[in-house]
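The chains carry the letters A, B and C, assigned in the order they are written, with residues numbered from 1 in each.
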Amino acid sequence: MDLTQAVILTIMTAATPLLLAAIGELVVERSGVLNLGVEGMIIMGAAVAFAVAKVSGNPYLGALCGALTGAAFSLLFGFLTLTLVTNQVATGLSLTILGLGLSGMIGESFVGQAGVPLNEIAIPVLSSIPFVGPLLFNQDIIFYISILLIFGVSWFLFRTRAGLRLRAIGDNHHSAHALGTPVIRTRYLAVMFGGACAGLAGAQLCLVYTPQWVENMSAGRGWIALALVVFGSWRPLRVLAGAYLFGAVTIGQLHAQALGVAIPSQFLSALPYLATIVVLVLISRNRRLTLMNTPACLGQGFVPDR
Amino acid sequence: MRIELERRRQQSPLFSIFSPFLALLLTILAGVIIFWMLGKNPFSALFSFFVEPLTEVWSLHELTIKAAPLIIIAVGLSVCFRSNNWNIGAEGQFIMGAIAGSILPVLLPNMQGYYVLPLMVVMGMLGGGAYAAIPALLKTRFNTNEILSSLMLVYVAQLFLDWLVRGAWRNPEGFNFPETREFHDYAVLPELFPSSGPTNYGFVFAIIVTLLTWFMMRHMLKGFEVSVLGQSTRAGRFAGFSNSRMVFFAFLFSGALAGLAGISEVSGAIERLQPVISPGYGFTAIIVAFLGRLNPLGIFAAGLVLALTYLGGEAAQISIGLPDKIADVFQGLLLFFVLGCDTLINYRVKFVLDRAVKEGGAS
Amino acid sequence: MKKYILALSAAALISMTAGAAQAATKVCFLYVGSKTDGGWTQAHDIGRQELQNHFSDKVETVYLENVPEGPDAERAIERLARSGCELVFTTSFGFMDPTLKAAEKFPDVKFEHATGYKTADNVTTYNSRFYQGRYISGMIAGKLSEKGVAGYIASFPIPEVVQGINAFLLGAQSVNPDFTIKVVWVNSWFDPGKEADAAKALIDQGVDVLTQHTDSTAPMQVAAERGIKAFGQASDMIEAGPETQLTAIVDTWGPYYIKRTQAVMDGTWKSQSSWDGLAEGILTMAPYTNMPDDVKQMAMDLEAKVANGETHPFTGPINKQDGSVWLKEGEVADDGTLLGMNFYVEGVDDQLPN
């Protein structure tokens, strides 16, 4: 494997958890719900995925349980914000705090133990294509899922009736409700999908990225995922680009250092956030673009009229 | 079975009073279950969590030190949230306030005198306010979602502080350790009762801020304007209030208070800048604001309760060997219950048994 | 979950029996990280357990973990002091000022602060001569590396870390004068993801041996995956890389904690600045593994020489990075210079961040 390939591979591993968490949150936000608990769901997913993989010896079962945990944990958020119409910002933040605490307790007995890594699955024929093959077709299963999810979500949101309904709910829940669309049920499903994706992102962290369990190992990736959704202006393919760009900046900075180039690392690290703000301004100053992309009901509670 | 909400004609006076207590009761019940599962005596655990820190004078001092920044930030946020502006970047404004306020003792250490501290406080508030003006400007000018822009600015502020203390502002005598020089005596917030403990003027700021804000929201036109515009922009416009001016007011107000908290924390407790100056006060304060139901007096109480869970967590670690994660779990649960119970104030919760859906299909 | 509950109740039992003893000396520890972090804090906690086992019911040990540096640390130390601790070990550099403040308030309590440089009548500082171990690691790397380039994952550009980089390089150059190292700063003591990324970047850049001054086992895992050799840090990391770890510098605080607790019991405790190393056993080397026997023999010989003082890693002639002379032939660096070291020696392929 040459240097370029090796670097790209590292970037892909770094980008995958961001991508997964972001694509989940994208669906949640498209339905008009803002869940700031991504960080908490990732870390819960990671703790459970590691524990299950370690106890059962089966990393696939671990990954599955990580995703299920994320979904189950997000139900807590769903029940409060959707059924009891609590404030989404506050509820999401509490979900993060609770997740960081609970995961620490679940994982405590697993700290310092060697993990059960998910191995690569080479896809026959395709993986032997020069250069691209080893990068795209000799990866672990979570990577494949992340890419499938991007295209799947893109297709779902913009090519299916159900996706259209979900977007309609996010844009105006009152008129969607008047048209007979089940607002709350759809949002529940979206929130759980987001939770499952975040949980899977957590599983990637402790089964692929660094096969071990460490407290707070999500290290702020949930917040970056939230930024990526905006950076990608709620479009799956742009989120894909954003996640890989973010991964590239992170990894590139380490390579620059190893080459002996001195750049203030804080400046590079701040770039993605500044870029996100710029993108946010660019898409929101143009009314048409805003209407097309931004879920207008984002973060607002919904109580059906009776 | 489904749960349906029905909006009450007016807020339930019963639940307005009882919902926080109900929430506390539920949290304690959940706590008992958790402690029991961990094999600890639930009652001694609860005692060391909620009572032990209150039994000694020094511990009360520490309680005020921990609560002051939470209260100051949360009071500012409550005004912002009531006006329907969602500033969740208080953490960044806290940091920028601390940086702006530290300019004097760090860069001009020879400037000493009683005038330094008041200047630092003013500069801290200006720094926090100016940083909060960015999302306000973006919102009014470009219609940019303030939740996301203010959140992004938190990371920028954290990295900026990191860059400063590792680079330009690093203590020349500090062996390359990432921290600024220590503040001189004129730049340190004095202790209130030096003979009994370390609490400082930060807590006085918290009291003043709480009372002034309560007065403003209750008895001044500005408070009325905040509530009207928060309820409905249209209604506010009919009343002759400008929404974009309100956006600026809300952000500057909450930003300045976050900045005040930042400079008080740095000058009162840390006495220098270091890469991390806040264990997430700006985010925890959002929780405090909601715990206190966006009412300054309620926030004052909520800030003390939350600070108590931090102290209680430590006490429980020492006295009965509980893991330190318990404090996080408790805070998360407490807020969940408070938010959930508050629903009872505005809504009647109905458990519907039949599956016949009369209209819509919302379930 | 069940396992977890069991572990906890066992811990409760131990602490109960410890608490039951009368007049036990109470020794307390303040940790910056989790006591099971696999690195720095875990090494201190192992030391605490050794202390407990050594004196059994004559001491009671208590710890607070995950304490943030700053006002929280001050409060935590005060809580420890008030809970009856006679001796308090604060185990992170960032606890320096909080420790001194608390020491002022509690003149009867003895404090020991790890890795700091400020002492008082009741505050001692203690540290370990990690650089001795890094010099030996460097020698091994110099013998084994085919490319003559090592990767160094570093945390913060403080003297202790710079010292370690220099010692490692000097060790390598003692057997291969053309040896160079590439340094990546991750600006964290403990961030497995970032450390793994740094390890990958360094390996991709062509280093064939890896060492770290950060605490997680992630770099060791990456090295194992990529099939190169690496050195462990703070704790023996052999489990993370059974065929990868050459050796590890292991912080062995137990003997020191026992010595100082004994001094408190005897009433002979005095404030001091202690900087022990291989000789005193505060620093030990994990077994030399995954290397040819001749290199293993060389490493053991060198370890013996460093321990008995025959070899000092910082012995001239040594030039600074810019080529100017630092130490003349035969000159040995004094401790003061080492403790404030803020320059590289010749051969480091990096610019010291400033």
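Keep in mind that, in the parts below, a contact is a pair of C-beta atoms (placed from the backbone, for glycine too) under 8 Å apart; a residue touches a chain by one contact, two chains touch by 3 or more.
It should be emphasised that the depicted structure is a prediction, and the values quoted were computed from it without experimental measurement.
In graph terms, with chains as vertices and touches as edges, which category applies: line, ring, star, complete, or other?
Contact pattern: complete, every chain touching every other.
Using only Cα atoms to place each chain's centre, name the chain farthest from chain B.
So the farthest one, by centre of C-alpha atoms, is C.
Can you work out the whole-Å distance between the CA centroids of chain A and chain C?
Using C-alpha averages as centres, the distance is 36 Å.
Hey, how far is the Cα centre of chain A from the one of chain B, in Å?
Taking the mean C-alpha position of each chain, the two centres sit 27 Å apart.
Among the residues of chain B, pick out those that touch two or more other chains and give their numbers.
162, 166-167, 323-324
Multi-chain contacts only, two chains or more: what residues does chain A have there?
Residues 104-105, 108 of chain A each touch two or more of the other chains.
Indicate the residues of chain C shared as contacts by at least two other chains.
Chain C, residues with two or more chain partners: 66, 187, 353.
List the residues on chain C that touch chain B in their complex, please.
5, 8-9, 11-12, 15, 62-66, 68-72, 74-76, 78-80, 82-83, 93-94, 97, 117, 156-159, 162, 187, 339-340, 342, 353-354
Taking the complex as given, what residues does chain B use to touch chain C?
For this pair, the touching residues of chain B are 37-40, 56, 58-59, 62, 65-66, 162, 166-167, 175-178, 182, 198, 265, 269-271, 274, 276-277, 279, 310-311, 314-315, 317-321, 323-324.
Could you list, by residue number, the parts of chain A that touch chain B in their complex?
Listed in rising order, the residues of chain A that touch chain B are 34, 36, 76, 80, 83-87, 89-91, 93-95, 97-102, 104-105, 108, 177-178, 180-185, 223, 226-227, 230, 264, 266-267, 269-270, 273-274, 276-277, 280-281, 284-285, 287, 290, 294, 298-299, 303-304, 306.
Considering the complex alone, what residue numbers of chain A touch chain C?
So the residues of chain A in touch with chain C come to 3, 6-7, 10, 14, 104-106, 108-109, 111-112, 114, 205, 209-212, 214-215, 217, 219, 250-251, 254-255, 257-260, 262, 265.
For the complex, give me every residue of chain B touching chain A.
3, 5-7, 86, 88, 138, 141-145, 147-149, 151-153, 155-156, 159-160, 162-163, 166-167, 283, 286-287, 289-290, 323-333, 335-336, 339-340, 342-343, 347, 349, 359-363
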